[in-house]
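My questions all concern the structure below.
All chains are identified by letter, namely A, B, C and D, in their written order; residue positions are counted from 1 within each chain.
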Amino acid sequence: MSLLSNTAILLDKELRTEFRSRELLTTTAVFILIVLVLFSFAINPGTEEARQFAPGLLWLAILFASSLMFQSCFLREQTNDTLSSLRLAVSDPFAIFLAKLIANTLFLLLTELMMLPFFAIFYNIPLWSKLPVLILVLFVGSLGISIAGTAISAISAQARMRELLLPLLLLPLLTPVLVVSSLVTASLLDREPIVQWKGIGFLAVFDLIFLTALWLFGEYLLEE
Amino acid sequence: MGKRIVLGAVAILLVIAAAYASFYVAPEERTMGVLQRIFYFHVASAWAGMDAFLLCFIANLLYVWKRDQKYDWLGVSSAEVGLVLTTVVLITGPIWAKPAWGIYWTWDARLTSTFVLWLLYVSYLLLRTLIEEPERRALLSALFGIFAFIDVPLVFFSIRWWRTQHPAPVIMGGPGSGLDPTMNKVFLFSVLAMHVLAAFLIVERYMLEKMRSEVDTLRREAEAQ
Amino acid sequence: MKNLNSVFEAYLIGWGVFFLFYVSIAKRTSDLRAEVERLKNALPRGK
Amino acid sequence: MTALRIPPTGLRFENIDKRYGGLFALRRISFEIAPGECVVLAGRNGSGKTTLLRVAAQIVKPTAGKLSFPGADAALPANGRPGYVAHTTMVYDELTAEENLLLFGKLQNVENPAARAEELLREVGLMERRDSLVRTFSRGMRQRIAIARALIHRPSVLLFDEPATGLDPPGITWLANSLREVNRAGCTVVMSLHGESEISALATRAVQLDAGRVIADTQSGASLHSILTFGSA
């Protein structure tokens, strides 16, 4: 139970610091927006093919944005060595990861929701009717990205060239999330929409596997 | 030293014998003809590469558990050899694909997964170059290696189930599915040969890593003086 | 015997990669040996 | 300053080694600190003081050897951990003084964290700045909030790494008085210091480190004085 209460306290801290500055939210949102606009120049957004490509582009933008977002995740704990004081204070270090990954999922989901209207308008894709399922897909996908991203940012924060290293370590690891979530989203936004429950289930399995790995090995990531 | 030379000699002999067998012993495949003979080399490399990564994963787990440098050395060695083997897979694949299907690269599930696998272990080796302190390097790279390996089946199934919507061209149903018994024997022999070669390379690379770690300690002592 | 050269190409390049890898191990080992010699000479003087 | 809630606790190092790569930061450290002692760690920069304190704080895992807390309850509760003050503040710049104390108080299951935070803010003299972000603090104020954080869970062992850093003369007097008070209440204090000051006057024992080894350990006044003045120069 102390794991959950510690997580709640730490989550409160993460949200409080972020909503005070809104640094992560604004930068990732602007980044996704820029990518969406640039993509529309790279492909012709009016065509029928664009409708099929767009969901993949959206997920790619999310993936790149997230790898920017995770940079500061553990790095900011190094400024005043607050990671050490956290480790001294919590009874289970998994709480530190749990709070961070929940916060990251929330931030990611929030930026995605902010960007969805632009996405729908730019690529002329009506999403209103499929919104609940779409949010579910965004949630399981973003959760997977955040779990792996939080773990990897704990690794890259301790290495040289960390800004470059993080995406190099994270993006190949997230191949399954990119493959499945873009396909599930594409078939959801198709002219004849299909909800691919199998794909959503697969993403949930990905989340579960990486969460378990983080639970098992997380404490070693913080070792000094 | 003597044992390593013997292992190396055995590996070379086996690889040559496997090549001989795949050219002269195995019967000609009906549809693909002589081209199918790449199969023995290509798939055997893939299997040996996968097993090298499995060994790396086991070494990573053991390192996290026991904290013995030996497992760190084994981890790098098997990752590097696995990377060499998958590089061979990624080179021979297109050489085979070009005359067979007219294109160098197909986004076939196996080939694509192998490529992602290759990228993951390139990242693993890259990470190792970017952490100075030996214990931290060993621990963090072991942890990344663990995450990378559990990602492998997820990569494979995600690509297989969602990427290849139309059935991929059936190259080989894998051994067992209608492979001629002689072909099967030659194939298994090639797999064995490739594993012995991999073992030899891993041992050589391991000795190098061991030496490097000793030199590193010496160098640090010299600097501390 | 069409495509035979592709088969040869595959085998030769594959072997070539293995060989190059072995050479790189040998090269790195000999570099380390030289380094050991250098350090051995440097250490007693430092002490 | 702190009323003790847990039994007086000592510290025991048994053959502690800490190796970074091939280099030893600590080598075969063995000594015991009795409950209620006030010990100064002396030694040059890089002699291993900070590493030893970090090992004692259980932030750094020793490569070999054993650390124990004689006198502590068999099952060391989370709030029985030593209070540690490091070179960095170990608090969040983006949170206010009060939020920081509340955060660490709640994490360590301090009873009535709000009252405890207020009590500490008053003691370290940051009450009127309780709602300011730590980012806006001066060095001295940062050091005060760092000390408050270390004390929040009423630890029975205090590990202070250069606690006087950034404090002005009145601040040093304040710190010396506070430490005297906690030490009298039965709290074990281990601190690394540079030179002699009001704070070092509290010490009843000095342990001198060099190259990761203990080279002197004394309780007599004269050698204590010499270790403090010359040993850490």
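Simple rule for what comes next: a residue touches a chain if its C-beta (ideal position, glycine included) is under 8 Å from a C-beta of that chain, and two chains touch if they have at least 3 such contacts.
None of the values given here were measured: they were computed from a predicted structure.
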item	value
B-C or A-D, whichever has more C-beta pairs in contact	B-C
Chain closest to the assembly centre - both centres taken as Cα means	A
Length of the line joining the C-alpha centres of subunit A and subunit D, rounded to whole Å	39
Rounded Å distance, subunit B centre to subunit C centre (Cα mean)	18
Inter-centroid spacing, subunit D versus subunit C (mean Cα positions, whole Å)	52
Sequence positions of subunit A contacting 2 or more other chains	223
Sites on subunit C at which at least two other chains make contact	none
Shared-contact residues (touching 2 or more other chains) in subunit B	218, 221
Full enumeration of touching chain pairs	A-B, A-D, B-C, B-D
In the complex with subunit B, residue positions of subunit C that touch it	1-4, 6-7, 9-11, 13-15, 17-18, 21-22, 25, 28-29, 32, 35-36, 39-40, 42-43, 46-47
Subunit C contact footprint on subunit B (complex, rising order)	15, 19, 33-35, 37-38, 41-42, 45, 80-81, 84, 87-88, 91-92, 95-96, 98-99, 197, 201, 204-205, 207-208, 211-212, 215, 218-219, 221-222, 225
Of subunit B, residues touching subunit A in the complex	64, 116, 119-120, 123, 126-127, 130-132, 136, 139-140, 143-144, 146-148, 150-151, 154-155, 157-159, 161-163
Contact set on subunit B toward subunit D in their complex	133-135, 216-218, 220-221, 224
Residues of subunit D that touch subunit B when the two form their complex	19-23
